[in-house]
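Read from first to last, the chains carry the letters A, B and C; within each, the first residue is number 1.
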């Protein structure tokens, strides 16, 4: 009930002025977080245009050149690595890769979990028991360990890796969806529609899902940074994204080798990871407080 | 010829409940509905009254086939009710609808009420969007809603308006049976009268049959042709409405009727002793004997059947024919 | 209480069975287990022997049963790297992992709980805000970043502590701090909200309104009640000790289970991966079981009702 209470009525008037006014009312930290995330999205979308150098272009004359303001030049604002590759260019590609993986992972997890949650609530009995057991299993093992064993058994490839990230925290969505769907089915609008003779497609697609969407979206703000952290952790260990592709975790892992001579190689992606996850968490917390009193 | 629209025979609905604690706690059976038979003719209203928890809502759901009965049958126009959720069951929905106690809970807050009013037609197909809208406009006018409320959201309407929306939605497919489960108890007293009058008008115009569930006996008396009184999952008395209220025979009915506030000189009042028994642990014999001022040893031992008296009244009481218990009508 | 214990024990056993089944299914899905476990260039006779030993020619459910049987006796096959039984390789790494994770746990609890309680008792004070800010950082900073920052500071710049290896106890300091710091942040945040929740309860307000001394209200009423949810998170931390150490052990080249797991995954040394999976699962399950027991002991209400769920 509370979830539905919290649903905002459609924006009374839209237009840029309203949006601008809303942004002006944001807390300072949240505005900063929003700005940072906007920058990340722009970088991820416009990576090809923004890229100063190819990520594999060697500049052997400028190997391990330091960033701007630390004795570096405008040619390589964030410095270069051991092979003279531009850190900024690699960073841009890494941001795109990490955000894409996190995005797909989150979408897969949300879709899978929501689907299973609805199935459990719809069929009850055997199906529900089975899904609940899977949820319990997933929740009882740290996902890092599950992920590592799957990678060991199946080897690594990008599609597999993204799919694997999509298994992270599907159980959260399954739990939430099952709970809310059961509640809706027990009494209220969903059972009313069923009693009008509607089939499952209409009940779940047109009524239940739109009603629980806000809660699910809020959960995505939790999953997204978690997947960034998981992906970068695995990539850092060399078990995630494989060269020649690069992600933020890869860069940190690579930069670790040069931590004494060229710490910027590792610090640049590390900063991006921390700022991005921090921003999403801040923004997510804020959205959660605004939207969904039940999760507080 | 007044053919029977709906015929329920020997309906039972039992729930397994846990009486003890823990997974191995004792199981018990809750007889929410325990042998209810009723029948309804087109354009007529059967009122169903009784204390909270006596099984009125469960009976309503059984009658519409929302939940399967533990035993007994429901027949609509002579054919058995198909199991809930099957295509046959869904195809019957346009013919019979439910009106809920809590209209806000029965509406999707995310959709404009107009869309929801049209939904039965969208579900059961066959009509173009323009026709759906025309029909909705007609029904909305019939229930006293204005077209400018078409695009409103449920929370933007008053309680009475929402109940009209639920009614409008139920009427879209021109059903011939409405189960109204306490349709007015969530409304303000002033609006209650409006909705009751609306229901009566609709019955006049469209010939809908109502199963009208309520514990407000004054309203039941006003809308019903016939009234059935339930106690702990059974019908204990049933008869023609005016007659039943004027001359209640079962001690439980008498207690209920005497509790109706009336203007003028106070009548003899029959007070119920104690609370209704635990529905899991129904008393032996006549289940009312624990609270009945006239109970005898026989009442404790033997369950009275629902009998039809010469005047057509049906009563389940051993002592109903004893002159000592007759009250002046 | 006996019933409660029994139902929890049953659940624990079921989870382990589930993990085994998971490993079995994943192994079957990924190809011919004989080739995967024995490595491709193993001599054909050896592969044949392996197939017979594991019953790979028999029907699948028999294979499953025999797999479970082997797993229960700790037989996961031999490491393809050095040919020793996988379980031995894993067990000899356990002490090293415990040597950093247990002190880290002490750090989490010893730092996190007092900080959380203090923050809750001085809500909205500067100390509270600082604790919360640090704890947010603890949530969002990946452990490998923290580890590298510590290395940068203490090893590279200050030269106080060694950056990697396990030659003397000083080598354990940075891994312990890395593991402990983020856990302490989580612990502090959790304790704070548990405490705030309890402090808002009517019985606390009633006790202080009755004139019970505030210190006594805190120590006799608030703390014991806030301990209940806190125990859950401690249990979860104990359960995920090993899992959390995977990254940190790798960064610091600490010879524990986590590092073994990473290299086993990189080399696709499946016997070792399976053995580690089982060891971690067993550990998790035991930790959860212990927490459940502690829970029942701390909160008498649970004993009767939890079993009913």
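Observations
Going forward, contacts are C-beta pairs under 8 Å (C-beta built on N, C-alpha and C of every residue); 3 or more make two chains touch, one makes a residue touch a chain.
These are the chains along with the protein names UniProt gives them: A, C = ABC transporter permease; B = ABC transporter ATP-binding protein.
Computed from a prediction, not measured in an experiment: that's the story for all the values here.
Core chain by CA centroid proximity to the global CA centroid: A.
With respect to subunit C (ABC transporter permease), maximal separation of chain centres occurs for B (centres as means of Cα atoms). Note: centroid distance subunit A (ABC transporter permease) to subunit B, computed from Cα atoms, is 51 Å.
Centre-to-centre spacing of subunit A (ABC transporter permease) and subunit C (ABC transporter permease) amounts to 24 Å, using the average Cα coordinate of each chain. Between subunit B and subunit C (ABC transporter permease), the centres computed from C-alpha atoms are 57 Å apart.
In subunit B, no residue touches two or more other chains. Against subunit A (ABC transporter permease), in their complex, subunit C (ABC transporter permease) makes its touches with residues 15, 18-19, 22-23, 26-27, 29-30, 36, 136-137, 139-145, 148-149, 151-152, 156, 239-240, 243-244, 246-247, 250-251, 261-262, 264-266, 268-270, 273-274, 276-277, 280-281, 284-285, 288. Within the complex, the subunit A (ABC transporter permease) residues that touch subunit B are 4, 7, 9, 187-189, 192-199, 202, 207, 210-211.
Residue ranges of subunit A (ABC transporter permease) in contact with subunit C (ABC transporter permease), taken from their complex: 133, 136-137, 140-142, 144-146, 148-155, 225, 229, 232-233, 236-239, 249, 252-253, 256, 259-260, 263, 266, 270, 273-274, 277-278, 281-282.
Against subunit A (ABC transporter permease), the residues of subunit B that register as touching in their complex are 64, 66, 85, 89-94, 97-98, 100, 105-111, 119-120, 123-124, 153, 155, 169.
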